[in-house]
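The structure under discussion appears below in the form of structure tokens.
Going by the order they are written in, the chains are A, B and C; count residues from 1 in each one.
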Amino acid sequence: MNSTARTFQLRELVARFGGELRGPGEVRIRQVAPLDAAGPEEIAYLARSAFRKAAAGTGAGALIVAERDADRFDRPRIVVADPHAYFIKVAALLNPAPEPQAGVHPMAWVHPQAQVAPSAEVAAFVSIGAGAWIGEGVRLGPGCRIGAHARIGEHSRLHANVTIYDHCIVGRRAVMNAGCVIGSDGFGGALENGRWLKMPHIGRVVIGDDVEIGANTTIDRGAMADTVIEDGVKMDNLIQIGHNCRIGAHTTIAACAGIAGSAHIGSGCMIGGASRIVGHVHIADGVHVSPATVVTRGIEAPGRYTGIYPFSEHREWLRGAVQLRRLSETGEAAKERSRPRPKAKGTR
Amino acid sequence: MNSTARTFQLRELVARFGGELRGPGEVRIRQVAPLDAAGPEEIAYLARSAFRKAAAGTGAGALIVAERDADRFDRPRIVVADPHAYFIKVAALLNPAPEPQAGVHPMAWVHPQAQVAPSAEVAAFVSIGAGAWIGEGVRLGPGCRIGAHARIGEHSRLHANVTIYDHCIVGRRAVMNAGCVIGSDGFGGALENGRWLKMPHIGRVVIGDDVEIGANTTIDRGAMADTVIEDGVKMDNLIQIGHNCRIGAHTTIAACAGIAGSAHIGSGCMIGGASRIVGHVHIADGVHVSPATVVTRGIEAPGRYTGIYPFSEHREWLRGAVQLRRLSETGEAAKERSRPRPKAKGTR
Amino acid sequence: MNSTARTFQLRELVARFGGELRGPGEVRIRQVAPLDAAGPEEIAYLARSAFRKAAAGTGAGALIVAERDADRFDRPRIVVADPHAYFIKVAALLNPAPEPQAGVHPMAWVHPQAQVAPSAEVAAFVSIGAGAWIGEGVRLGPGCRIGAHARIGEHSRLHANVTIYDHCIVGRRAVMNAGCVIGSDGFGGALENGRWLKMPHIGRVVIGDDVEIGANTTIDRGAMADTVIEDGVKMDNLIQIGHNCRIGAHTTIAACAGIAGSAHIGSGCMIGGASRIVGHVHIADGVHVSPATVVTRGIEAPGRYTGIYPFSEHREWLRGAVQLRRLSETGEAAKERSRPRPKAKGTR
């Protein structure tokens, strides 16, 4: 769809990213493509043996393959340890993020006490509050809302309609997709006589470097201390992060996950889509939570954790659900039996 | 709440939509209403026998009923095969979407290289990027963001603050509710030494004709190929569609559902609210997924599929959950027993 | 992080909120803080005995404690029945919401037939439709979209990019977080010959007083009657409320919950995060739904209800899931056995 501006020879790719060249190094690559759609100026990759047939029939001008496939195809190719990772690096080289167009759009609004770096791009209808700071090379898409005293680190890119509440901090090189909300009030308070007392949230959200946030994801500010997202965290769309959470470095969170207030997630975790983690728990480094799993207590050891009700044809599910209900009655019956019975009076 | 501009006689409704008139055809209808609230200028419908009592006592000026109820009430009525569908057509006739007010609001921003059809309505604070194309009769609500080279088909309506990323395509007669995001980056990449390599997403989102998208729903663009939403798909609010998904024609998806990357859903499916479909699977045409069900593998046959943990009073649930845990231990014990045992040394 | 403008003496707090003062009443408090971070001008609270150790070592200038801890510490303190609730009141006193800066920003757009009270604050890029009404002391953050004939009650605060559709009503003192959408079309319609007929939604959303709505939460308008949110309801982020729902007074709903169309929830309920309630059911007052629980039928009695698949280490889960599948087969086998068997022909 996009046609890239620059082409690269295979030998240039190898010079940048390593790997072993097989075939002519002067082959020019303009774009990346999947095996089944690639043309002569495109490069594809083969990561799993399941795709060998597709690789044999591909029209790609070159391939990226693993050692075990080094001599399986005679097409110009680069042999590497991890073809998928290598392919992504080539894709990023061929499709660089556009440079910011420095300057503030005449239809944007910047508070006189805000600071915007000269190389930053501020699109139409952006608003920037008092005391906010926008770093060099930042791109703010149309309709972004930067609250008072918020800070956006160098070279971060905010797509359209992103909201950063007052005092929140975004690190360098962030990518924030449209509609995400950083720093909304947390759901903190207490019931008094059946009425909700709202806790004013005076903490911030503090986001490290190289963080990516998905579209319409929401991250609440801390009640008193901060909500913290460490370096390199990647979050997908429609995720909820509660107040005072801490998400460890380089953890990935897939779409629709929800993490309740004051949960602390370790680094290098993989949190599956639509999974839920309750509040006030600690999850160790390197934990992998399966999709749609509900984590109801802390996890101390790395590993993979799962809790999914197996789906089936509807009537079969109905039968299983009935049996599961019986189990809880059985448990009750067993518990009843194990209790000391009161002696019957007057009989015998 | 709304008072409609025009009234219709029963005979005019029958002339337009069919059905058999019983009673005076000159009765005038101004609005639709439920049985229990309808007045003399309003029409109500009776779809299920459970509502016969309400129908007997209704103040509605006219009724839409099924054949089996044709002579049950003496109120002016239209007898049809499907009263609910008929009622919706009457409601749509009485409550037409407002016509676009042609023109670009002086507080909107349109790139000089964008094309906006003369009959399109562009509200305040809309931004339209370079090379974008807006068709005849389109309505863009305030704060919509139309990316560079995006296309919005004729007579589509985008409510407030909708974001369409660069290069994405929306078909004709779409209805897109506030805050939905089309074309955000997919969650694609790979881990290399514990660090996330982000795949630049160069695919688009391509949306067919007559599609409806709910508020704050997000649809990711494809990594290399496109994410495709076929004609007539209806999506509710807060839904996530991952990169490279394909949603078949006339499939409906209820709120809070999540469909992970590269899943292909057939046509005419009904995907329940808060259900989850994992990535890279194929779901056949005509599949009905129950609410909150997690689909962890492909489905080849039409039918209804379910996986919901039955809820109950909390203590009862606790007992069932304990029994369910024992089941997994039992399974383990059985597996252990079926293993060949090493001979005990030195004994006997 | 925030430094508050005013300080209060302990005796002033007691005069306002009650409680019993122990120690010098002239101690000045500038801010609230957690026990482990509080300094000499800050007040902390002790709600649970688990935190007694932290309270003993705190640097807080004063404490709020329960009766049972009245004499456990010699630090200046206020003894109260509910330290958490008391602490929140002090926090709210020290951190008042900022006063609206009266007036309409020159980069906002207000329809000439809309009414905006003189004391209301309308930020940049807000749009307000024909016939809309904005009450005294309202604050509309940047990018809010107020539809035609919508009403925003006195002293309500809408954060950035909130959308209120035409004709919807928001009560007094609401807090609406960024990106929430009120009044989108409900997912109502019917299939006719495999095609979706869309029901035009002519009902409204009507929101009572003192309601709080989280970021990116969506509430659909009614099909014919209204969707109703009663006084004092508190909703977290990314919640979906379907068309024609009614949420009873002072009910709290945690993040990512979804309530399907026409469900009626009682007052004083607690609806857990990521829980789901199906449509057309009635939930009694005082019901507590656990997180991630799927409520598939109405609930008549107050109490706590749960349905969560217990998570475990992945392989253990796999064994349990296999056993659960067998249960449904067992159920089937039992059902088969209980059927009258056809006589075998020709044998015996």
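We adopt the following convention: a residue touches a chain if its C-beta (ideal position, glycine included) is under 8 Å from a C-beta of that chain, and two chains touch if they have at least 3 such contacts.
Keep in mind that what you see is a predicted model, and the values were worked out from it rather than measured.
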#### Entry: Interface numbering overlap (same over half, different under half) for subunit A and subunit B
different
### Query
So what angle, to the nearest 5 degrees, turns subunit A so that its CA atoms land on those of subunit C?
120
### Task
Find the geometric centre of each of subunit A and subunit B from their Cα atoms only, then give the gap between the two centres in Å, rounded to an integer.
25
### Message
If I count partner chains per residue in subunit C, which residues reach a count of at least 2?
### Response
107, 125, 143, 161, 179, 216, 238, 256, 308-310, 312, 317, 324, 327
### Message
Under the definition above, what is the set of subunit B residues touching subunit C in their complex?
### Response
1-2, 31-34, 37, 82, 84-85, 88-89, 91-92, 95, 97, 105, 107, 123-125, 141-143, 159-161, 175, 177-179, 212, 214-216, 232, 234, 236-238, 250, 252, 254-256, 268, 273-274, 291-292, 308-314, 317-318, 321, 324-325, 327-332, 335
### Task
Name, in rising order, each residue of subunit C that touches subunit B in their complex.
107, 109, 125, 127, 143, 145, 161, 163, 165, 167, 179, 181, 184-185, 187, 189-192, 194-200, 202-204, 216, 218, 220, 224-226, 238, 240, 242, 256, 258, 260, 276, 278, 290, 293-296, 303-310, 312, 316-317, 319-320, 322-324, 327
